[in-house]
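I have a structure I would like to understand better, so I am pasting it below and will then ask my questions one at a time.
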Amino acid sequence: MTTLDGIVGLQPESLDRSDPEGVIALLARACSNTGRWGADDALGTLNHIDEETRAVAAGLVRRGRAFSLSLPFDANGPQNGWRRRTNPVHTMLDTGIDAERGIQGFPHGLGGADDVVAMPLQCSTQWDGLGHIFDHGIAYNGRRAGDVVTSAGDQVTGIETAAAHIAGRGVLLDVGRLLGDDDHGTGGELPDGFAITTDHLHACIEQQGPTARIGRGDVVLVRTGRLARARREGWGQYAGGPAPGLSITTAGWLHRSDIAAIATDTWGFEVRPNEFDDAFQPLHQVVIPHVGLYVGEMWDLDALAADCAEDGVFDFWLTAAPIPFTGAVGAPVNPLAVK
Amino acid sequence: MTTLDGIVGLQPESLDRSDPEGVIALLARACSNTGRWGADDALGTLNHIDEETRAVAAGLVRRGRAFSLSLPFDANGPQNGWRRRTNPVHTMLDTGIDAERGIQGFPHGLGGADDVVAMPLQCSTQWDGLGHIFDHGIAYNGRRAGDVVTSAGDQVTGIETAAAHIAGRGVLLDVGRLLGDDDHGTGGELPDGFAITTDHLHACIEQQGPTARIGRGDVVLVRTGRLARARREGWGQYAGGPAPGLSITTAGWLHRSDIAAIATDTWGFEVRPNEFDDAFQPLHQVVIPHVGLYVGEMWDLDALAADCAEDGVFDFWLTAAPIPFTGAVGAPVNPLAVK
Amino acid sequence: MTTLDGIVGLQPESLDRSDPEGVIALLARACSNTGRWGADDALGTLNHIDEETRAVAAGLVRRGRAFSLSLPFDANGPQNGWRRRTNPVHTMLDTGIDAERGIQGFPHGLGGADDVVAMPLQCSTQWDGLGHIFDHGIAYNGRRAGDVVTSAGDQVTGIETAAAHIAGRGVLLDVGRLLGDDDHGTGGELPDGFAITTDHLHACIEQQGPTARIGRGDVVLVRTGRLARARREGWGQYAGGPAPGLSITTAGWLHRSDIAAIATDTWGFEVRPNEFDDAFQPLHQVVIPHVGLYVGEMWDLDALAADCAEDGVFDFWLTAAPIPFTGAVGAPVNPLAVK
Amino acid sequence: MTTLDGIVGLQPESLDRSDPEGVIALLARACSNTGRWGADDALGTLNHIDEETRAVAAGLVRRGRAFSLSLPFDANGPQNGWRRRTNPVHTMLDTGIDAERGIQGFPHGLGGADDVVAMPLQCSTQWDGLGHIFDHGIAYNGRRAGDVVTSAGDQVTGIETAAAHIAGRGVLLDVGRLLGDDDHGTGGELPDGFAITTDHLHACIEQQGPTARIGRGDVVLVRTGRLARARREGWGQYAGGPAPGLSITTAGWLHRSDIAAIATDTWGFEVRPNEFDDAFQPLHQVVIPHVGLYVGEMWDLDALAADCAEDGVFDFWLTAAPIPFTGAVGAPVNPLAVK
């Protein structure tokens, strides 16, 4: 049986695969930020970003080169309808063809196009809000889940609370490049089911050098190469299926490192299949309600990673402000890394 | 009759109010960027931002304070259904109440919430893309409107082309504070129908001082106070109705100044009613297809403006990366100003 | 205080306007169909339609003239965004203009148009399902509301259960024509706040004659003229505002008459403002969870009513099969009356 | 080469598989209803239903048993995202769980649930409208496609024009039962690619007897068994993939028979792959713009067919009134057959 003593330094090989509930409970106790920023706090780990860390981070801009870390949002996206998650359906209210035909009824030669979209908020590049995941009916900061997220949305930790916060230092940990297979020249791809451990993270930081050290308030971007593979092979089960990702055993590191957020190039950030006999996203269950950690998913890290590999600099100025849908438990974002 | 000679320095009082089509045509010729960046160009004035201007702009971050310039996206927004533009309809796929009741079918105490949205892409804080407006069936860079925007979306200048570009220097021109009425302590509000001229812009720059000078690649934010009034009085006709805004006569300045983009706190950026007897958004018709100018609308500039007024610094780092909906002619954005 | 003794024959003038909760409770007891069709029943009053009543009803077709009782579903509909209820947003995926321009990529001259819609299920002509309204957390047939309608929809009484049932005898009671003002030649219009009582219904049946007698399994259509007024004056508060409609005191009649369903030409079927000092749709609270009554709203009865007035025949063959959205608590319907 | 002489009685074996455009052109000439009901006509073959045929059809109701011919509309439907066609996304605005928890803010114990949907109009059981398909840029009745269907929808033949018409005699032709394989006890299933010819239709009518004779104004329902197979095997490529269906050579019969409409249990009514080397839905291209034929797709005919097989009666009363979305080129319908 796993015990609280060993839980923070837990190694995958010591994990009791038959006891997800027990392990989650121990990790939750060991990694709890409940109450850390007061009973009213709604920001969780975003509290780690302050004006000082942000001002320092802006100094990381050297060349002025910007990288969008967002996938395109369109009907060719990764979703397959699982859990009512479709790809965005983008349709036109008016088009240039209509305009050119002169049927729009505007004066003096004006023509216009306009459009609408219907989509799940977590269909593509996105932040999980703190109301996205609960542990035994408990949401972030010890609140009852039903007091937080009703049919009217997240009444407390809605994504709009994060609107002005996520700008600071970003650090890329390119585990895919370090440990993955690069047969296809995509910069390295970890296989599905590969659990990235704390040791792997440390090795990656070590190998990448001083610009990859992690500090308080950082947004850590872990590249697995899973998206690169999807680009080669087609989406398949990219959204909702097997993937490399963080091991449940990294919960302690995610907590102790005082990072502001983590994001990966996979749909679910943690390894799938999960590291228990019967489980579904156990690391979410620890880090969202207990650590209060912002988690980014389906971020496109490949172009940024290629650039980092080339210049050997792994930190940068990152803005990743979600569209502030009131009460949303997740939201699309176009993260911008500037080096 | 207005002639090409006088068109660039055109003053409102010289405007032939009965001839929108003629004035638009002259301004279009005088302010054209067609072909300026090559026949294949899809970026328009975003070309004015380069890595150098961006790197310099990062130096504007001093305190590290961040301001979100986005309105909340929700059902209480400004839209009233005009032109099929509704407010975002945000609904939950799963909630905390469901989770707490234990009916979600997940193992080991996991619970989750998830959500969807249906909305027009220009319902709230947004960028107009270059495919949003046409002049006599012609889109940006001389293309036929119908070759650019079909029912499948914008095939050439879709908003995704801007995904990695809009990060650089922002400058606030607080015309509302300079010329508006501040009876309500909102920082100054211009009345509906107030046409902001080039002279007004110059006066504002002069009054605000060196940090307000405008240079190539800047994103200029013009605060009118219209949003402040809507916050006091209710949305009313905020979206689609009368408003203060830029005069058609600023087209020359918008072109010559080599700015990357302009944004305001109104729904349509230009003055409404327009400055012709019968017209609809004539300045759009000049600056989008001919100048190739990115235009931001419904940006919330009030908190930023209060801060600028206090410290007397009117420039800052700005990221305003739209969600890259493939083929969209406009898109939601959460612009982040960092001082 | 109102008591159970008098509750069934309750007259509006005896109503204790300060005690909605008490009156509702008494009516609920007096009019309960809970358990009437077994503990598993999900159909409520639709049980009153059987094959025999349906076969007889088909005999009401004489001339073969069909009337659609549906409003058009479009952006010009009655909704104003209240409670996130927008009008349908209908957009095109492909158009004839695209087809004519030859850009669709189909072979041999084929062209096509296709479309999508986003809408609340109760935005226009519709059935309320039995999961639409609860009384103190109790749904139809004594079930806990939370066991019936979750974020995944109505698990028990979803509108799909009604898919094959609603075809039978329809009877129009044109109270608007009998008691309303016909200054505008619309066939009579009751004023907002007009409470239609059991006496009014009886008088209407009496006046209209034998074809207006009500029997088991009938679908009763009560015309108030409110829609005719909206057509004259604009929608205004048609959806969600004041209206003529059934008095809370008709609950007993609605129960005892063994009708299968009732529908009106108003948004909410019962009189608004409601007949208590502080109340919201108290008759719904009685008839949906306790009677299990199907309620139709925003039906367009005007053309049918004009025809009935002309030929003096008030019953007809009616089919009103909702679109069977799985788990929906209401659904659009195009009811067809055939005389 | 196929010629006009032979085109009406065209047999599959005589088809020039390399010349879809030529064959379509000949069939279009031979089967044209252009102008038949006047230049302004928007109803096409629905003109074949009149009050007399409708009144007679009502006499077909004998037992009073009703069959819904609609699939459930939900996320588990046949669509896979092809051509931006998703399954309906149905979400709740309010739920019974919220109501039971007492957080809805209504007085006197009232609770409610409400819902929204986003969906393509042709995602499930549906009618194709006359604006759905064009031939070389020409829509029904000789109109230019771009004059009919713009970004604002179908301006002429929108589905709302059909709102009050489709009620009359329905006839089931169970070709799947006659010619299909019934190894699975589903009532017979034709294989994909099986082209149902005029001879097959005649044989089916002959075999089914007098109640299966086809007359003017009938709605003909052709069962292939393809849906029964999808129910056994999963949707797979049911929507958009291979299927049994009507041969292009039935165009003449569809025209001459003066039927009001045809519907099948497949996604596209005609055989797939089509009967040419390179083609896409050529029979649509003939019957929609030239015959003006209403085509129903993805109708669930299995329960009705089992009943017809049992009692040997193949005609019945049918109402199939589409939801009248203004300007729609197709619409969901819950067809009701009553025997």
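We just call them A, B, C and D in the order they show up, numbering each chain from 1.
Convention: a contact is a pair of C-beta atoms (placed from the backbone, for glycine too) under 8 Å apart; a residue touches a chain by one contact, two chains touch by 3 or more.
Note that the structure is predicted; figures quoted are calculated from it, not measured.
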item: Shortest walk length in steps over touching chains, chain A through to chain C; value: 1
item: Same vs different contact residues, chain A with chain D, by half of numbers used; value: same
item: Chain B and chain D, separation of their C-alpha mean positions in angstrom; value: 46
item: Chain A and chain D: spacing of chain centres that average the CA atoms, whole Å; value: 45
item: Whole-Å gap separating chain C and chain D, where each centre is the average of the chain's CA atoms; value: 29
item: In chain C, residues with contacts to at least two other chains; value: 84, 89-93, 95, 97-98, 101, 103, 116, 118, 120, 146, 150-151
item: Contacting residues of chain C [partner chain D, same complex]; value: 20-21, 24, 50-59, 61-68, 70-74, 76, 83-85, 88, 90-93, 95-97, 99-102, 106-122, 131-137, 139, 144-151, 153-154, 160, 163-165, 167, 276, 278-282, 284-285, 317, 319, 321-330, 332-336, 338
item: Residues of chain D that touch chain B when the two form their complex; value: 89, 91-93, 95, 97-98, 101, 103, 116, 118, 151
